[in-house]
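See the structures that follow.
Below, chain A partners chain B and then partners chain C, in two separate complexes.
The block that comes next holds the complex of A and B.
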């Protein structure tokens, strides 16, 4: 997995390339927490180039959402393909996250 | 029932081994024309969960212990067995539903749920070690 972080106004965009699984979830968690520590409150995770996600990867997203919301911010998701959308629906995490079908739409929701 | 492909891999108890093993299994199944959605979602996610359980819970990340992965691919189904060398853990003890409102915001507890949701059958038994067997039926393939 590789992460690419960029900024659009006050929104930090995190692109995940590859798989988000137990062996690399900590990297995502630390990078986002570092951003939050630096004052970021709006995080957009873009899954356009993400492969599959396991339960550990889903767990990290849940953990980050809780932390961001405690800080008065939020984490939102964009560009889930059909398989990833199914994963979020199976686990009902689609009810916990605001999910947009494009990065542009996700940016508009913040 | 014709068997078209098998794999037999042994890996050390290191989570960094998960991704390459999953890729090898998916590649073999792709060569035998497994359904695209099963290749992209069901198989990789369920196998990642089984390997993660075996490495972290079964073998306790003990570098001296191995995980064995065996795969059989037939016209009808894909069977994957993940065997660890630990003292065993009770799959049935992990049946809490992660989708209930009280569990939805938990960071853990979705692994077995996903295996069961994405596979047609999940079994655990004791062979020479502790084995989790995942069975995935292939849509549209006649016997």
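The block that comes next holds the complex of A and C.
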């Protein structure tokens, strides 16, 4: 997995390339927490180039969402492929995250 | 000095004149007769003032004697006599004899010095050999430190010293052993950033330091310092360079002299040996810790497996087969089975959102809590709500969440009720081979919601098959990173739906193992299959 962070106004965009799994979830968590430490409150995770997320990967997204909401912010998701969309639906996690079809759409509504 | 005696004897025989050779061991010492072939052997007065090349004449009981000083490192004087007052020949003989004897004395001095040096080298080699032996037969530096320090200090002639090892977590040089005066206070750890302490400087610069008395005197080193100090780094040498692990400091030189470059070289060599020993000891300790951890992990795995019930616990109401394969010793996947009375059977499958010890502890809590709560109600939502109440704090503290599906199959009422907190892989396979998913009723436990729901569907005890598995099964990845996929697992379930549950579970794991090949599973795998007939 590789992470690419960029910023659009007050929104930090995190692109995840590859798989988000148990062995690399901490890297995502630390990078996002570092941004939050620096004052960021709006995080958009772009999954356009993400092939797979395991249960530990889901866990870190949930953990980050809880942390950001405690800080008065939020984490939102965009560009999930069909498999990932199904995963979020089957696990009911789609009820906990705002998920947009595209990055542009997510940025508009954040 | 038989060679000198022989030379003087030959001279006297040839020229008929006696000769005496005096030497002095050190400035101020009395003259000793090193060799003689005749003449007055009484040391000449004022001999120390005689310059090399100067010839004086003195009166002795045996007559006149010519005396001169010999050149070279050996302090030596030559006397010829008795000689006649007006005879110039003895002065000529003296000028011939002086360089010859000077050369002989120089050779003698060099031979003697070479022997001393050889002895010193021998002592040094012996020291290094001894330290190799000491380090070779001990596991921890602490056991050998005192012996090493004693050997090194003895070889370089130092009464005091310390062996200090770096404590990285505290930023200190901790004395492992010290040689100090009886009334000196115990040595205390020295901060590595102390600006004065010699040991701290040596540790920081990785270079040995020779300091004279009065220079860089630090209270930290007072317990083991007296006068000059030699301090060398303990280095572990790697291809990238030396990594400092500690410092050896020596002081209290018995001779009162400063330490020499030779001492520094020798103690530096010892420091390298100690560094290698420290690193080896650390590696041994790390290996032992790893072995202990692996042993504990095996024990934890065995304990975890013992928490999981056999499929037989729901007999005779139902036929059930189960299997769990943790990815790392202990895992987060689990299942539980309950006989609930009145023909009802409870089946629980879940996955803690992590691996390792913490996930295993949550899993153990789930196992014990569900065993209690399942017996109080046949409503799956109530059971899972009670489980959540038990686990809520633990899940919050550990930032984990729990996806599970708890299904209650009622043979009499021919219904199946379930509560599913985000567990994707729960199916009923009907007689026609259609796989119906038991959809999630709620998000995973631990995400904040406490209102749990239940869903219901018909259950045909004669033909329906309940199959639950975790994502480690459907997401098993081969060496090329290709996922097995849920559909492939369902195909096996459908194809084997009329077989015994144990055969069906075997079939699923055969599929997983075939797909994995030589790749190691990255996630826990659990499969539960239940039927009534």
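Note that the second predicted complex is superposed on the first by the 110 of 110 C-alpha atoms of A that agree within 3 Å, B and C clash if a C-alpha of one lies under 4 Å from a C-alpha of the other, contacts with A are read in each partner's own complex, and residues count from 1 in each chain.
Just so it is clear, a residue touches a chain if its C-beta (ideal position, glycine included) is under 8 Å from a C-beta of that chain, and two chains touch if they have at least 3 such contacts.
What you see is a predicted model, and the numbers here were worked out from it, not measured in a lab.
**Student:** Superposed on chain A, are chain B and chain C clashing or fitting side by side?
**Tutor:** Aligned through their shared chain, the two binders clash on chain A.
**Student:** If we overlay the two complexes on their shared chain A, which of chain B and chain C does A:92 touch? Say first, second, both or neither.
**Tutor:** both
**Student:** Does chain B (first) or chain C (second) touch A:55, or do both, or does neither?
**Tutor:** A:55: touches chain B and chain C.
**Student:** Is A:9 in contact with chain B, with chain C, with both, or with neither (first, second, both, neither)?
**Tutor:** Touch partners of A:9: none, neither chain B nor chain C.
**Student:** Looking only at contacts as defined up top, I'd like to know whether chain B or chain C touches more of chain A.
**Tutor:** B
**Student:** Where does A:22 make contact in the superposed view: on chain B (first), on chain C (second), on both, or on neither?
**Tutor:** Both partners, chain B and chain C.
**Student:** What residues on chain A does chain C touch that chain B touches too?
**Tutor:** 21-23, 52, 54-56, 58-59, 62-63, 66, 87, 90-93, 95-96
**Student:** Which bits of chain A are touching chain C when the two form their complex?
**Tutor:** 21-23, 52, 54-56, 58-59, 62-63, 66, 87, 90-93, 95-96
**Student:** For chain C, which residues are in contact with chain A within the complex?
**Tutor:** By the definition above, chain C touches chain A via 332, 351, 353-355, 399-401, 403, 421-424, 437, 439-444, 447-448, 471, 475, 483, 522-523.
**Student:** Inside the complex, what are the residues of chain A that reach chain B?
**Tutor:** Those in contact with chain B are residues 19, 21-23, 51-56, 58-60, 62-63, 66, 82-83, 86-87, 90-93, 95-96.
**Student:** In the complex of these two chains, what residues of chain B are touching chain A?
**Tutor:** 15-16, 18-19, 37, 40-41, 44-45, 48-49, 52, 56, 98-99, 104-111, 113-114, 117-118
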